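Two complexes, one shared chain (subunit A), two partners (subunit B, subunit C).
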Partner chain A sequence: MTMPVLNKKKSKGLYIVIFGCGRLGSGIANWLSSKGNSVVVVDRREEAFSSLSFEFTGFTIIGDATELDTLETAKVEKADVVLALTPDDNTNIMTALISKEYFEVPRVIARVYDPNNIDMFSEFGVEIICPTLLAVKEIQNTLGFIGGDEG
Partner chain B sequence: MKVFLIGGRNIAYHLARRLLNKGYQVVLVNKDEKLNEGLAKRLKKAIIITGDGSKRHVLEQLEITSKDLFVALTPNDQDNLVASLIAKRVFGIENPLALINDPDNEAAFKKLGIGTTVSPTNILAQAIEERIFKEQITNLIPSFEQIAVFQIEMEEQSPAVGKRVMELAIPRESVIGAIIRAGEAIIPRGDTIIKSGDKLIVLSKPTVQSSVFESLLGEV
Partner chain C sequence: MAKIYVIDDESSIRRLIKMIMEEQKHEVTTFATAEEGLKVIEKEPPDLLFTDLGLPEMNGLELIKIVEERLYSFPIVVVSEITIAEAIIEAFKHGICDFITKPFTPTEIIESFEKCYMSTDTLLKKKKEVISFVEAGKNLQASKLVSRLFANFPNSPVPHYLFALLAFSWNKELAKRHLKAALALDPDYKEARELLIKIDSGDEN
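For the complex of A and B:
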């Protein structure tokens, strides 16, 4: 499977749809947009888009990520990358799975806080970022000198 | 065999009551503790669990086996999808049932392996359409979106009566598959003449159904 590269400069850039315009979603949207990618950000609340910076040149769509119509409006079927970054685990899982299996998006990444489900959803080819596990790892590294296992 | 009902307020209660009356073991899982207290009083024989039934760690405590029935009834499609995927992939339940609020999600659920879905919106929309149709029209397969099958009863004044099938101005995306006349089935050919009292079994694409009605029955 070929994986699109995110910050391949100069060329036309990628078409990226981001669901959830919170701190993480808006931050990533600003960054990806400033790198020359076409970015569409979707959020249920219009106020959420105020956190997009002047560098952001993409589009915003007000809509619910759990409605198929919203995914169609955002042209998910044409996306190179979909990022599911809403505050709700299940919404992110559903959006990611539908983007992957139904719209056959090459690269789909979802933020999921609950580490329990990672294996199951990775089987669908969705990449899961779990902030809980990342924090656990970071704390383990910081406290590494206490434990015996050097791993 | 147990029946697990995840989420849902009134639907879960009435379903549980019905299933308990038929002698099934019912487990209700709901996030709302207050609601559960009420349910526990009204459904003495049911097992009621407080917790998020779309979370794997909650479901894992319930001793679910592949022989059980699993029904996800929450008002959120994303929770119903995740719950039924866990039921299928972790507990091996072959056909978990999921309620779908946005009818458009049905195809997506199917693609993800959740083939048995119920959409209250669809059911209500059909019931409303039935009322819009004239009395002579019966929708024979109400659940298909790709094809519509109707039984249409011919009356004395119907414009199709007295005409041969080949003369009817019905859309190309429709066909009269059979005629029920005096209790007998006739497979019509182009020269079959439509009579008053005939019941026509018509297949059509749903997009042209209103013009089918119009050409067979007149104004709809």
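For the complex of A and C:
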């Protein structure tokens, strides 16, 4: 299967659904829409959409990411990419799995806070972004550099 | 390169359609209201119009009816959050070429444009052609066109009405059957109902 590449030069944009419009979700939504993609942002709270920039060209849907109706309203079955970026691991895994297994979305990426959940996500072919592990690696790199410098 | 107009009160939607179609090398002009769009259409009609239905003041359906009454021949694609069957049927009855629900994918917009503009086989345009063929007694040409419309617009009541118009002079029972089919698809289809009453009353004029 060919994976959609987000920054590839293309003749038409991708259709991307983002669940969770917090700092990360809104930032990614702003960036993706500025690149000419059709972006749908889903959040349970209407006020969350105020984080989107004025230049955001896309759609906002108020709804629960774990409900099938919400995913259908967002036309997840047509998505090239789904990003599960809510603050809750359980919501992210459920949304990611439904998108992958039920709607057969080619590329699904989820944020996972608890590193213990990574294996479970990976088993289903969901790509993982774990802020905790990223921070650990970054600190290791920094400390390693200092240690190397001193040693 | 085609000249495309977009009417939508949401600026993000206007910008998104503009971005998608400009990427395809078309010239796109956007308007926030039907009134603004109509002013420019009067001076210079587009090759294709994307319009929302839920617009402030003059709504999208009113705009579509004006375009139909003034006999403009450019295709119209409705892009709307509305998913009520009656609203969709009503819009098709007044000659729109396609209906896309929000949110939409870039592919939906591009494919709809290709279907409506590239083929130039718009229902409104073809309806007028069929009527003029029937009036001129060119039944063979009218019949060929109606067959194509059945294939291209299977869910529209218009091909049934046009076929009834064609069959009116030689087979009234067949005409009645098609008018009933048109009315089943759209119970408020005035032209179909009027023709049915005309046949039932035996009025030949």
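Definition applied: the second predicted complex is superposed on the first by the 142 of 151 C-alpha atoms of A that agree within 3 Å, B and C clash if a C-alpha of one lies under 4 Å from a C-alpha of the other, contacts with A are read in each partner's own complex, and residues count from 1 in each chain.
As a convention for this text, a contact is a pair of C-beta atoms (placed from the backbone, for glycine too) under 8 Å apart; a residue touches a chain by one contact, two chains touch by 3 or more.
This structure is a prediction, so every number in the text was calculated from the model and none was measured.
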{"item": "Subunit A as common anchor, with subunit B and subunit C clashing or fitting", "value": "fit"}
{"item": "Contacts of A:25 with subunit B and subunit C, given as first, second, both or neither", "value": "neither"}
{"item": "Subunit B versus subunit C as contact partner of A:78, first or second or both or neither", "value": "second"}
{"item": "Which of subunit B and subunit C A:66 touches, first, second, both or neither", "value": "first"}
{"item": "Partner chain in contact with A:117 - subunit B first, subunit C second, else both or neither", "value": "first"}
{"item": "Vertex subunit A; arms to subunit B and subunit C (CA centroids, nearest 10 degrees)", "value": "80"}
{"item": "Subunit C versus subunit B - closest C-alpha approach in the superposed model, Å", "value": "19"}
{"item": "Common interface positions of subunit A, toward subunit B and toward subunit C", "value": "none"}
{"item": "Touch list for subunit C against partner subunit A, complex", "value": "12-13, 15-16, 19-20, 23-24, 102-108, 110"}
{"item": "Complex contact set, residues of subunit B against subunit A", "value": "54-57, 76-79, 81-82, 85-86, 89-90, 102, 104-105, 107-108, 111-112"}
{"item": "Subunit A residues touching subunit C - in the complex, by the definition given at the top", "value": "11-15, 33, 36-38, 40, 55-59, 61, 74-75, 78"}
{"item": "Parts of subunit A lying in touch with subunit B, wherever the complex brings them together", "value": "66-69, 88-91, 93-95, 97-98, 101-102, 114, 116-117, 120, 123-124"}
